[in-house]
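In the two complexes that follow, chain A is the common piece, with chain B as its partner first and chain C second.
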Partner chain A sequence: MKSLLGTLALTTALTIPGLAMARSVTLTTTLNNYGGDGAYLALYVTDASGAYAGSLWMAGGKSKYYEHLRDWYRATGGDTAQVNGITGASVGAGRTLEVTLDLADALFDAGYTLHIDAAVEDLRDSPNEVAVPLTAEGAGTPVQGRRYIASFVYDM
Partner chain B sequence: MIRALHRWPGLLALALITILALSGAALSVFPAAERLAAPQAKAGLSVATLAERIKAVYPGVEQIRRAPSGRITAYWFDQGRPGAAVIDPATGQGVASADPNQMLRWLTNLHRALFLGDGGRIAMAGAAAAMLVLSFSGAALVARRAGGWRHWFARLRGPLAGRLHVEIARIAVIGLVLSSATALWMTASTFDLLPDGDAIPAFPAEVSGETGIELHRMATLRRTPVAELRELSFPYPGDATDVFTLKTDRGTGYLDQGTGALIAWEDLSGWARVSETIYMLHTGQGAATLGLVLGLMALGVPAMGATGVLVWRAGRRGRPRIRGNRPAGRAETIVLVGSEGGSTWGFAATLHAALSEAGQNVHVGPMSGFAPERYIRAERIIVLVATYGDGAAPASARGFLDRLDAADRAPALPLAVLGFGDRSFPAYCAFARAVATAAEAKGWPELLPLATVDRQSEQDFARWGRALGQALGIPLELAHQPVPPATETLTLVSRRDYGAQVQAPTAILRFALPRVSLWQRLSGASFARFAAGDLIGILPEGSSVPRFYSLASGRRDGFIEIVVKKHPGGLCSGQLTALEPGQTATGFLRRNPGFRPGRGRAPLILIGAGTGIGPLAGFVRGNARRRPVHLFFGMRHPDSDFFYGEEMPAWQAERRLTRLVTAVSRVARPSYVQDALHGDAAEVARLIRDGARVMVCGGHDMAAGVADALAEILAPSGLSPEALKAKGRYVEDVY
Partner chain C sequence: MRKTLTLLVASTALTAAIGVPAWSAMQAPAGRGLGPVAALFEEDPQTMPLILASDDDDDRGWREGSRRGDDDDDDDEEDEDDDDDDGCDDDEGVCRGGARNPAPAGTVAPPQNGLFENGAPPQVQVN
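Our next item is the complex of A and B:
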């Protein structure tokens, strides 16, 4: 039952505003001073088998650069419909991106992993910059990214 | 129309275009520097070998990229810490930091977006579009001014600012068109308006599941030369489902990390290839030399901006603003103006005002903008035209006769031609006559017969206006008040008198330089910049019509000097020759760029008689570079009117003057300057054959006599004054 609900929620969208089985989650991503232009960030979720489940946020408006978010691009085939309505500006070095979403309860403690791919013009692409399991326990614990992200934390 | 398309984008986008050009020029240096600094791969080196070398040094290598400059960068993780370096392909070792150049980043962001994100990008794209419009409209203007595209590199005349503007433009325009057109393409690409994205093959669903193939056993990597490499990404360590990703300048593919097989490939799309070529042309990345050339051409932009503003301001000063000027397509009466110095525009403005008052829709424009197909509502065409020099078209009428000549037939609208000139010139209204003759030959119907206005005569103009009114059936009173030029008050500092004994009282008058404002100094307006041979217009008291005198001094001499002969009953010459030191006259500067000795070391042959010595003496005095100068000077009597006779010996001693030949007419055996030329025929012919430049100044009869004499002297060498004139090696200032 639980997994069915989860699948249902995920195939439509990960965010289900106004539903009883949802909770408000704030995703806070702070970049380090890597000395380049604004970073493109793709925040998305994979399920327990590692398969793409859906996108949470896309920082960066020009879809021609999405191929540099390599894992996200592979998983979605670069389909911009995946980030319709959840796309914002790229994030400058040293800046913080804060996104608040209503996420389905079913996403937590069920083997789902939140990933962030990052890319900066003229600097290295950094797919899988961050990969954190979504658990109730892990909320509020900051993690560091591989190259550009100084800290990422999700709060409920 | 074209002029407006050139002026307004230029003035409005001037600041942005200047930023674009300067930052672009600075950026153009980077690809060349990178090309020189980057260690280049040996020809034939394969990607497999390169990747192995790098992996041996940096086992955690994640990605290898090759820039169009040949620079190879590797990115790796070493114990969780990211690293990157520029690689020497011969060893795989890092040799330099891969950190982006902050100066380059700063300049790039300024150049493409003014640090303002997408809004800035759009503004800069607008500036690039303005640059493109400017390039095309400017090219059309240059072609029109030169008389056709074939004369693209024709010699220029006119004020310095305009010449500089065109000199730079006709070389730089190619680069500017290329840079601005490619900029617009790149902007469109950035905003996803072009289908030029990378074609990326679908990620393979099935892989071998094995890992660990050695790089040198991967056939595709062995076959691919480093010169074609864009990017090689390694699979995640420990992820058996991942693959190698290879990008070359032909496309993108995936390689199995167990078998090394190429499991998917997608060629670059045609659009993407075009976009990459355009990127290369614009940035010079992969074409560093072209980049440097484009950067150099971009440096011409600020200079063209500055000279363009000067040209625009000079044009505005020269002609009055015509209030309520109707567009050509909506006017009943089309008034076309051919003017050199601008005074004819004043008459056009008066005509425009009077006709508009009578309820007419009137368009006033330059003759060079003649476009009969645009005169849809027009019922008549009126041409007000001055003459330049010996019957040539004045500045604003250039190309008119050619265009009329090229048309299948003349417009059906009746034409009236009014010529402006000075009866004391032999070529009085010669260009107006040429226009009338050409119109008649084409069968252009006549509204009024050709009429002329002598020396800006208000009466002549009013009389013609009444005739025009009759032809139109409306009462027309043309009361023309000439637009007074901005004058200066000039104080006489000294005078030297000559010629009293030969009934030709003449004075060399020296005035102090008037005070010059900072703006005048910067823009070279008024007396801030002038040279011997330029003209000074003196407004005598009691008349608004200026009389022109040739200047015998340049700005560097520190004074204004003219030679004035008192004409019996002459208003202006009478007032000037009566001036005592300390008294003042009112005058303004009129440039005369057609009468300059020019640069170069070629000898000068200066020929003058009477007061015509003025500018020639000025050239000699200013000859600091000791150019060979041969002066032929005709006078009445050496004791009476040998102007500058006191200075001549010193000028010769200083080698400012090579040789002086005088001709004296009031003696027992009279000799004129043309006789002096004949007497020295062999030497004169030799000098001219060797490239000497001839400058003649004086009365019309003398000039005609000199031309005849030179025609005879030059005939044996197959040269003629006409041929020399066409090459700009024979110039006259005749009165």
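Our next item is the complex of A and C:
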């Protein structure tokens, strides 16, 4: 009995920190009716110094167009390994993209900024369409993009 | 008998007169006139010249700063499965120039960039 309790205490002690370190975050991006084809979107994070920290999502599967996501492309050199396993289809005008991710708790309130670059075929590229600091306080607050994004919000 | 022999000699002479120059032309090395013709009969196919007949490859890309002009495709959603001439092999995931398309979500774990906590695949929905 005593060994069972000890085992339970040990597994609980090991599990709780893991749960506390991850947050399920939903990123919701709604596009304007800009009257063009599906938009390519790169969602990525920079650290407090402005350096690229990593990508969260890539909407659009053909790497030949990634150069039009200019800031993301400049930061990554177009390295598709950065978005392996986090890539989906491009998003049509007027549509809403919802992506739910288990993100590290350390990303919040630590100076990180989430950026979105956008590009649409035959229309203007829009780097840094959205730039929003990742804070617990900012969760649930919609922000507007510059050209193609009607609103972006992250919820935890 | 003499007539037959004469006919044989005449036909042989005619064949030699026409055939030998033609045979010589076919054996001429590539690059010295008649190259493409001779190359057709050479044993090594690697030496056959590449003759570009036409280039109808559509290289239309995303034109920076321009509005849509010749696009009559009113598909305003994602076009992942379009049979378009964009230089990408959708089955192989490779584009012109050797650029490889990324692995779609759910097929491999997210990158280990420190942002994702447990490697769980993202949940995505488009409304």
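Convention: the second predicted complex is superposed on the first by the 136 of 156 C-alpha atoms of A that agree within 3 Å, B and C clash if a C-alpha of one lies under 4 Å from a C-alpha of the other, contacts with A are read in each partner's own complex, and residues count from 1 in each chain.
Keep this in mind: a residue touches a chain if its C-beta (ideal position, glycine included) is under 8 Å from a C-beta of that chain, and two chains touch if they have at least 3 such contacts.
Remember, predicted model here, so these are calculated numbers, not experimental data.
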| item | value |
| --- | --- |
| Partner chain in contact with A:Arg124 - chain B first, chain C second, else both or neither | both |
| Partner chain in contact with A:Leu97 - chain B first, chain C second, else both or neither | second |
| Touched partner set for A:Asp37, first chain B, second chain C, both or neither | both |
| Contacts of A:Arg146 with chain B and chain C, given as first, second, both or neither | first |
| Which superposed partner A:Gly78 touches (first chain B, second chain C, both, neither) | both |
| Chain A: partner with more touched residues, chain B or chain C | C |
| Partner chain(s) touched by A:Ser63 [first = chain B, second = chain C, both, neither] | both |
| Chain B and chain C contact sites that coincide on chain A, given as residue numbers | 35-37, 61-64, 78, 89, 122-125 |
| Of all residues in chain B, those that touch chain A in their complex | 62-63, 75, 77, 80, 82, 84, 99-100, 102, 105, 109, 117-118, 189-192, 197-198, 200, 202-203, 233, 236, 245 |
| Touching residues (chain side chain A, partner chain B) in the complex | 35-37, 61-64, 67, 70, 73-74, 77-78, 89, 122-126, 128, 146-147 |
| Chain A-touching residues of chain C, taken from the complex the two chains share | 61-69, 71, 73, 75-80, 86-88, 95-97, 99-111, 113-118, 120-127 |
| Chain A residues within the chain C interface of the complex | 18, 21-23, 35-38, 45, 53-58, 60-65, 68, 78, 80-105, 107, 119-125 |
